[in-house]
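Across the two complexes that follow, subunit A remains constant while its partner is subunit B and subsequently subunit C.
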Partner chain A sequence: MSATTAPRVDTSAGSPRPPGPRPRRRRRLGTVGHRVLVALLLVYLLAPFVWMLVYSLYPSSALQQARPDLDPSLLTGASYARLLSDTSFLVPMANSAVVGISTTIICMVLGSACAYAFARYRFRGRSTLLLGMLTVQAIPVIVLAVPLFILLRAFGLYDRLPGLIVTYTAFILPLVVWMLVGFFDEIPPSLERAARIDGCNRLQIMVKIAFPLAAPGLAATAILAFITSWSDFFLAKVLTSTSASTLPVKTAAFQGLFAMDYTSAATAGVITAVPVLVLALVAQKWIIRGLVEGAVKG
Partner chain B sequence: MAEIELVNVQKTYPGRKEGPPAVDDLSYTIGDGQFVSLLGPSGCGKSTTLNMIAGLEDVTSGEILIDGQRVDDLDADKRDLAFVFQDYALYPHMNVYENIAFGLRMRKVPKPEIDQRVHDAARRLDIEHVLRDKPRRLSGGQRQRVALARAIARRPAVFLFDEPLSNLDALLRDQTRSELKLLHAELGATSVYVTHDQEEAMTLSDRIVVMSRGKLEQYGTPYEIYHRPATDFVASFVGKPRMNLLPARRGGAGRYDVAGSGLGVELPLSQPEVRVGLRPEECALRDAAPGDAHGTVKVIEPLGNASDVIVDLGQALFTVRVPGFSSVRVGDRVQVDTSSARLHAFDVETGRRLVD
Partner chain C sequence: MSTVSRADLRRRRDLRFGVGLSLPAVAVVVLLLGYPMGYALYMSGFSWNDKLGSYHPFVGLGNYRDLLVDPAVHRALGRTLYFSVFTVLGGVALAVLIAVLLNVEFRGRTLVRVLLLVPWAVPPVVNGIMWKLIFDGSSGIMNTILLGTGLVDERVQWLADPGLTMNVLVFAELWKLLPFLCLLMLAGLQGIPTNIYKAARIDGANGWQRFRRITLPNLRGPIMFALIVQSMWSLKVFDTIYVLTGGSGGPAEGTTTINFLAYLTTFSNLDRGYGASLAVAAMVLIVLVTLMWVLLLGRRREDREEAR
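Up next, the complex of A and B:
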């Protein structure tokens, strides 16, 4: 009874509200501020891409004047039609696809098995090996370009797709392993022990338990591997000349010595970016989960 | 149904050869259909022992036999046992049905039988309504039940439990504990249960294995463990509040005195010095004249139905559990009445029990 009839004590009397906006209003202001910042960042990141898209869809004459003419009636897909029917563009595009897909598959097959071993087995030299792989990543590509060129030429792989695939695999695999070790580490060992009791062997544990659970991580890593090999310019430029040339090299070739075909370059840029964009959009849920789960326990 | 026999089982982890083995020379037999708890503090080797029985860890030396057949060189899935993990270890990417069915599928049990067994186990544990849900949608208690259902559906000869209740809140833990006991009575399968909670071990088990630092301290019924602890470790580990263990010196024929207190007990022993053990709930307190007092009341901890009174004996503290709210007050001079207490005495060197 006394609890219900007792006078209410004003606990705020001794501590007046701090000056400034009320907490809820402050929170709302904070949210608005965040949104403005995100919008600015988006504009900053997307502007070059949008401008590239505009360049690929308008005749260059409409854009190369003091006030660009963005009349929608001028929109045209002619540049796309031209490039996508031009063998000298389609071959590098196919090369890029072959190199990107092959590198991704090889990196994921080798990398997932390797990362699983790193995550689950404790063996002599484990840390040294992991660190060693990261050290390889720290060497600037430009330092290795000439030795790689000599090596590939010696093995008859210069200007050939297998040469590019092997080279990209060597560069991307350590990164793939590093990323996947983190994802496999997140899987509680008790799940795999439960699977052993349930009758799984090592391979079945990997396929039925570890891989499905690391799927977001595997997807994120695979996309990263594909994007890296698909869009690399420098190594492709050094290690190929004509027959194994890739899309980024071809795109750069639109810049002539004295003039540049902006429309073709922009169109090629968009075509190069589209698969990456599509992949990222399709798998965005997985990528975000993959990237977040690496850091935060799910 | 199965009898588990451990013969001189030892476990040493590679790279940790300097220290004592994780499990040191364990030998005991778990009878067919019995519920046996492995009890001990963290790091005593109880989970390692369970993992070795399960086949999740190798035995460094010694043998493990199930129904007379050596199993320590068999894979985990060939030992006909089910394991309930502390964190439940439910596969997050499978729904409850698939979680329960997974082990059966791996053993190539025909589909209709899998379906029947999954539903049987789910019905028994009252989780039929969540069979299509993923584990992340379940509460802790429900996950626990799914883990149990997964074990039951396998119909193994042996159930192994690794602290399965430790992630549940207190109320649910008590409830699930009773259900586990009921389940064991129904199924009758041999069960080995790892816990650090003596209450769980006492309430659930037919027999208890008490372990400390990888060694077996005692293997006996809850009654034996409580009333006839084999070592001072068991005496102090089992029982709440802890048994009073006090150094005592031989005074006269059969009399041992607790140093500095005037408290003495009669023991048919000849050792010059022993550790005397007295359970707090078997002792009582009496008001004492200043000359007769054993000590002074230092702290009173009322629990409602009883109070723990901690008495300062001068060189040691002595706990007495008295019924209800204590009438003594802090600072009172009191005498400890041990006349109705069962006397325990342990060797000061080895810690082994000295009286029957």
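Up next, the complex of A and C:
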């Protein structure tokens, strides 16, 4: 009982506040102002997406009036039903899923080994390579688009899923390595030393000790790799035409230069965004950590 | 003696293991990005337009000489600069302010932070569609709101005027990139011990002084990282322009940045040689800007580390 009352004695001892109601009122006013700002921020963050969602669920005639009619009785899933039964939409969707999953698996296998080596073993050229991985971010994809197009055509991989998977792997792998090095760096080496004394070899230490400890980081990185692959538009546009086309390319096609099928575009937009949104929100804690790691490391 | 050699042996095995693990990934990246990069440089040395047939003479640095005096390139550079100044400097400044706003203890703070990931995760193509639904001249909700509240008398043609379209583009990109920058700044803010603020308050420092003398210096690392990374992204923006302008970089080339000009030159004019030189120029620009940030801000960081 006394323990709970003890801290009530002025905690800010040494900072005598001027008496009177002013500071408190100012603080309350500050809190209200703060809440308003946060609320505005939330509206800003969510409104554009919510509006697209609304667009996908109402007939466009109801929305394109001086006063948009949001009567719930007008709600319709017709646009979703139409797109999700249309093979010219389903094929790109499946392509995106196949390419995304394959790219993620390849990137994680190659990238986790590479990142582990970078994090644990010091060898010459290591920091140069690590920096090089970040430098890839500086390359505009447009530089490589035509050469990649020529290269894939020469190997018979143009407009085919393997061509896209190989290309994405090259672009996403550096990102994966960069992010994973951060996660492996956090594992204390003492555990691995203990395992070595117990007779584990280097490979066993990596697979049985380091990987399980870095599991959340590995999962977040895999999700980031998938999101990056799933969201790409430019490479898919240049390196495919019909049979290997992906969801973003199909979605972008709903809006032409002069005319736009608004409802379909909105619906396709929601369908394209929802999988990555769900993944990002599910793994949010680890994704945020992985994203800011590099900056905090400086 | 024997322990030294055993340690030596182990180090050599460590090395072999480490190199073996990293080799496949490094090889994939170097081969798959290095070869196309070399090929792009090679193409940029030719006068190579597929519209003009298959004859393409070697012109050395001729394409680069041309682009230095090409008015279309100058205009594109100006637009790139405009777009980048607002998205990079504006983005980082806004991110710092929003991060300060969210670093205060309040109910639902975690939720707000999680929701920051929504714009971050939305694919760029979808981002373009979203803003098109909002800013479309004839049916966009922005005009509906502005007309309804009487702020304007007639519809604003957001996406038919070159200057306005560029501003819509900046606005749309800011929405997508702010959350990541905010998360960076929030992480930085969390590293600042709260007693520094308490001590400063006791010493009579007002809000602005605390922000200026404590918050900003402590955010130098994240701010520098944000400036570099966001510069890279802003200078190579593509998807949003494509979707917002129907692949035209218009209206009246109003959103044709240097990167988009390289795309149009290569894929609409089929001028491979010149397009490749433009793309390489865009890359050189990105590297130069990155170096600029490192030189501008990096030295101070060294000073700080020496002081530590």
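Criterion: the second predicted complex is superposed on the first by the 242 of 298 C-alpha atoms of A that agree within 3 Å, B and C clash if a C-alpha of one lies under 4 Å from a C-alpha of the other, contacts with A are read in each partner's own complex, and residues count from 1 in each chain.
Keep in mind that, in the parts below, a contact is a pair of C-beta atoms (placed from the backbone, for glycine too) under 8 Å apart; a residue touches a chain by one contact, two chains touch by 3 or more.
Please read all numbers here as calculations on a predicted model, not as lab measurements.
Within the superposed three-chain model, A:G111 lies in touch with subunit C and out of touch with subunit B [touch as defined at top]. Shared-chain residue A:F49: touches subunit C; no touch with subunit B. When the two complexes are overlaid on their common chain A, residue A:Q64 makes contact with subunit C while staying clear of subunit B.
Shared-chain residue A:V207: touches no atom of subunit B or subunit C. With both complexes superposed, C is the one of subunit B and subunit C in contact with more subunit A residues. When the shared chain is aligned, subunit C comes close enough to touch A:I288, but subunit B does not.
After overlaying the two complexes on the shared chain, residue contacts for A:R193 are found with subunit B alone; subunit C is out of touch.
Residues 188, 190-191, 193-200, 204, 209, 212-213, 215 of subunit A are the ones touching subunit B in the complex. For subunit B in complex with subunit A, the residues that touch the partner chain are 54-56, 75-77, 81-83, 85-87, 89-93, 102-103, 106-107.
Residues of subunit A that touch subunit C in their complex: 14-15, 31, 34-35, 37-38, 41-42, 44-46, 48-49, 51-52, 55, 60, 63-68, 110-111, 113-114, 116-118, 120-121, 123, 129, 133, 136-148, 150-151, 166-167, 169-171, 173-174, 177, 202-203, 206, 227, 230-231, 233-234, 238, 248, 251-252, 254-258, 260, 262, 265-266, 268-270, 272-273, 276-277, 279-281, 284, 287-288, 291-292, 294-296, 298. Residues 13-15, 17-22, 24-26, 28-29, 32-33, 35-37, 39-40, 43, 98, 101-102, 104, 106, 108, 112-126, 128-134, 136, 138-139, 141, 144, 147-148, 175, 179-180, 183-184, 186-188, 191, 201-202, 221-222, 225-226, 229, 232-233, 235-236, 238-239, 242-243, 246-248, 259, 262-263, 266-267, 272, 275-276, 279-280, 282-283, 286-287, 290, 301 of subunit C are the ones that touch subunit A when the two sit in their complex.
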